[in-house]
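Shared between the two complexes below is chain A, which has chain B as its partner in the first and chain C in the second.
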Partner chain A sequence: MAAPSAPAGAGKQRAYLSCIRATITAAMCLENFGSQLVERHNKPEVETKQSKELLLNPLIVSRNKEKVLVEASINSLRISVAIKKSDDIEVVLAKRFMRFLTQRAENFVILRRKPVEGYDISFLVTNAHTERMYKHKLVDFIIQFMEDIDKEISDIRLTVNARARVVAQEYLKEFA
Partner chain B sequence: MSISELEHLVGCITCHAWNGDKTKVAISPNNTQVNIYGKSGSSWALEHVLNEHDQVVTSIDWAPKTNRIVSSSQDRNAYVWTLQDGQWKPVLVILRINRAATHVRWSPNENKFAVATGAKCVSVCYFDKENDWWASKHIKKHRSTVTKVDWHPNNVLLATGSTDFKARVVGAWLKEDGKPPASVFGEKIAFGDAVLEMDAGGWVHAVKWSPSGNQVAYASHDSSISFANVSSLPPTIQKINLKGLPLRDLLFLSESSLVGVGDDCNPFLFSRDDNGTWTFVSEMDKKAEGGPAASESSSARKMFESKVNLGTESASDTKLTTQHQNSITSIAPVVVAGGVVSDFSTTGLDGNLIVWHTKALEAKFKNLKIK
Partner chain C sequence: MLLLETSNRILENLVNDRLNAEKFETVEVMAADFDGVQFHISTPSEGKNLLQISIQTRCGAELLKFGGADKLKAIYGPLLQASPEAGYDATLLVDLSAPPAGQTKETLAKHIAAFKRHLIAAPFLYVFEAMEKKAALPDIIAIHYRDQEAFYIKPEGDRVIVIFDVNFKDADDIVFSKVFLQEFADARRTISNAPAVTFSQKEPPLELRGVKDVKASESHGFISFVLFPNHTAAKSREKVVDLIQTFRDYLHYHIKCSKAQMHTSMRLRVESLLQILNRAKPEPVDSAKRTISGKTFKRA
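On to the complex of A and B.
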């Protein structure tokens, strides 16, 4: 149960995340599927998009400016996140933070190096991942990731503003 | 008597099949091999490794009477293995397909087998004595990959499920079968003729005939299971929508009981009442109804333990509460007495092989009745 002193926005944030969690859990039912078009190949169908019957309808869960696009197929799932950016500093910070993460995509395993058009970051989960890892922990990871990004970016923005203030103060002391 | 026995064989199991007297099990450990385990005492020992495929083995079936294994793989090949001098020898099957083979099943008389393929066709293979190889005939009615096949008890009809959102019943009579038996679909059904096409709300993941052949059940990706009564045409189809995730495989325990397994990692029991209506009865993998007070204190203890050990706030466990930790992909009967399956086995992507005993389940949970 939420503590009575929690801000009103926390409940809406929880509803948003639980909706995303349910969507991703349902979309993560993947199976090994050999390609229908090229013999002996096994490709993530959500990336090739060649056979329309193997793709599920894409779903967008959005709340104000932030949204999550979930595209699923028979053997792979793509989750793209657009982060809420309230001012110009956050636009720059989000871009730099995401670049930092995507350059290290191998360590994250399920991260996609290039985000889908119109979004800040994308994950690609294939049947190989769900066979090796627990599905519920993968979902936990993605939800946790989304929560952490928001917190990190607002923290960085606060520190940037604080530093700017300190620097400006020191510089202008000269002219006082 | 325990409800189930769990054996962790490998990291991930794609499919499994038992031999005739259920002393050996053949599994595919999600790679190019087929492993055969034999039960020695209370543990399983790896007896043979069958190495012939180039890509992951998608399906295995073991013919109980003739003791032959057929395996299919994504490398568009299938092999029939026979035991000679204690070694399993493969014989290549001329499938004539140019895409992956997804599923394979011996017919009830074991004189032929059907292979579901990604080439949008089903290959029915029979042994050609003149050329001493397995030849095939194609059933081409499908518009997308065929995911599953199941033989009708009369050895002539085949139920297929496909990713074009349809489950079909096709005729698969070959000259080698002799006189075709009459069925509700007609006296003589041409090979490859689709006598029935049923719509599903998503990709069809599993099809199964009931023991008498009067019903066919199919499960699709929209988390539903449909039962078609084909004892009279047109068939009456009843669809049940599940609350959870899709089912991947089905097994009829008797004419009125069916177990479905899937991405919820839990076997579900469905039962048919005297009017012929199917309903979902219960999930079979649940803890006995213990005291709620015990669980409260243990969850508080777990939270503090995880805070100390892992640095996390929540009490969530890594392990699922069900015995299978990942999707269950395959279910097979183990003990059949008088046409009723009393023990069955499940394997899943977590690498566990679990044998379930329905008598013990019925004794423990009062509402779980297998008719």
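On to the complex of A and C.
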């Protein structure tokens, strides 16, 4: 139950995120599956897309400008996120922030270094990851990640605007 | 420390050190300042108690022509050398053992440190003073103080319009600058006496129509300041000139500061996300085991 003072958008945001959470939890049933084409190789099937029978239907969950693409296969899952950007400065901030994160992809294990075409950032979860880590916590992480990015971008934007105001005031008040 | 200083700290410290030192030593220092200005401080062959300070700017000829030569002579008097050192625009020669008339040991350092400030202030003061005396003025004065950038001073009736042509090497900077400049333009609502600020990207403003060499391209932004009579009046003009000569550097400095602030907050966010991710990893099982007879061994 949303508190009376919560903004109307918060309920919709929650519905959007819970839909994504359900989708990812359902898709995260991964098992080890060696490559059918090359002996002794084990590749994430969602990346190679060589055998049609190993791939599930891709699914897009979208809300206005922001959308999430979930592509699943037998041994891997790819989640791509397109962030909502309302104006020029948010475009710049989102681009910088995503570049910042993808450069640290090694630390983030499940992050993909290049986003899928048309999206801002992508995750690749393989059966190896689900064997080593708790599945429900992975899903938690991805949802938290999406919330945090939105919050961070609007925070940075507010600080830039505040700084601009202070800078302009300081400078021009000296003239008066 | 939001506003930039106009005097040069390096010069000030150097002159202070030399004045307070016990014996005179040879000095050979190259220093730089904003906008590609270079200083050369050396001890000339005539005597160890003398200190020679030369300044070189990209627009030296333009500055000296529009009031620079007169201004420097008026401020520095006998210190200014008639012909500057080779490759430099102006030279001062100071006798460290005897400060010149009107300066004490304490004020001399600051006096010398303002060398660049006085040189760049010259065309502005030239225009302000000529307007006050209603003397003849050229239509527009262009000073190309940086490689790709220039500023233009255009007197118009009782106002002066100063237009900055700023080059942004990074396309993202253009977006940041729009945010900053929008605030500058809007500040008039709260600060009544502020100069009017307008800006445009790529298209030069109407005042620059007909001026040659105006570089108009995607990466160039034009910012116009309209200075009213209360800004150009004698009692406020020195402060106004201080502020306006460092405007372009002020803008870029604060754009860079906000980028640095962004990076810091992004790093913090990355730390917190990594912590959340680490919760997904189960705790490593302690794998040291013992047998009945007491032998301990570790299992991988």
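Keep in mind that, in the parts below, the second predicted complex is superposed on the first by the 174 of 176 C-alpha atoms of A that agree within 3 Å, B and C clash if a C-alpha of one lies under 4 Å from a C-alpha of the other, contacts with A are read in each partner's own complex, and residues count from 1 in each chain.
Please note the rule applied: contacts are C-beta pairs under 8 Å (C-beta built on N, C-alpha and C of every residue); 3 or more make two chains touch, one makes a residue touch a chain.
As the structure is a computational prediction, the values presented were derived from the model and not from experiment.
*Asks:* Is A:E131 in contact with chain B, with chain C, with both, or with neither (first, second, both, neither)?
*Replies:* Only chain B; A:E131 stays clear of chain C.
*Asks:* Going by the contact rule set out at the top, does A:N42 touch chain B (first), chain C (second), both, or neither?
*Replies:* Only chain B is touched by A:N42; chain C is not.
*Asks:* Which holds for A:Q144: it touches chain B only (first), chain C only (second), both, or neither?
*Replies:* A:Q144: touches chain C, not chain B.
*Asks:* Quick one: is A:G34 in contact with chain B, with chain C, with both, or with neither? Answer first, second, both or neither.
*Replies:* In the superposed model, A:G34 contacts chain B only, not chain C.
*Asks:* Per the contact definition in the header, classify A:A26: touching chain B only (first), chain C only (second), both, or neither.
*Replies:* In the superposition, A:A26 touches chain B alone.
*Asks:* Under the stated touch criterion, name the partner, chain B or chain C, that contacts more residues in chain A.
*Replies:* Partner with more touched residues of chain A: C.
*Asks:* When the two structures are overlaid on chain A, which partner does A:R63 contact: first (chain B), second (chain C), both, or neither?
*Replies:* In the superposed model, A:R63 contacts neither chain B nor chain C.
*Asks:* Tell me which partner A:K84 touches in the superposition: chain B (first), chain C (second), both or neither.
*Replies:* A:K84 sits against neither chain B nor chain C.
*Asks:* Find the residues of chain A that appear in the contact set with chain B and again in the contact set with chain C.
*Replies:* 132, 134, 137, 140
*Asks:* Quick check: in the complex, which residue numbers of chain A touch chain B?
*Replies:* 25-26, 29, 31-36, 39-40, 42, 51, 53-54, 74, 130-132, 134-137, 140
*Asks:* How about chain A: which of its residues touch chain C in the complex?
*Replies:* 88-89, 91-93, 95-97, 100-101, 104, 107-110, 132-134, 137-138, 140-141, 144-145, 148, 152, 155-156, 159-161, 163-176
*Asks:* Which part of chain C faces chain A closely enough to touch in the complex?
*Replies:* 2-3, 172, 175-176, 178-180, 182-184, 186-188, 190-195, 197, 231, 236, 239-240, 243, 247, 250, 254, 257-258, 261-263, 265-266, 269-270, 272-274, 276-277, 279-282
*Asks:* For chain B, which residues count as touching chain A in their complex?
*Replies:* Residues of chain B touching chain A: 11-12, 14, 30, 54-56, 58, 74-76, 98-100, 102, 118, 120, 143-145, 163-165, 203, 205, 221, 245-246, 248, 262-263, 316, 318, 320, 325-327, 329, 349.
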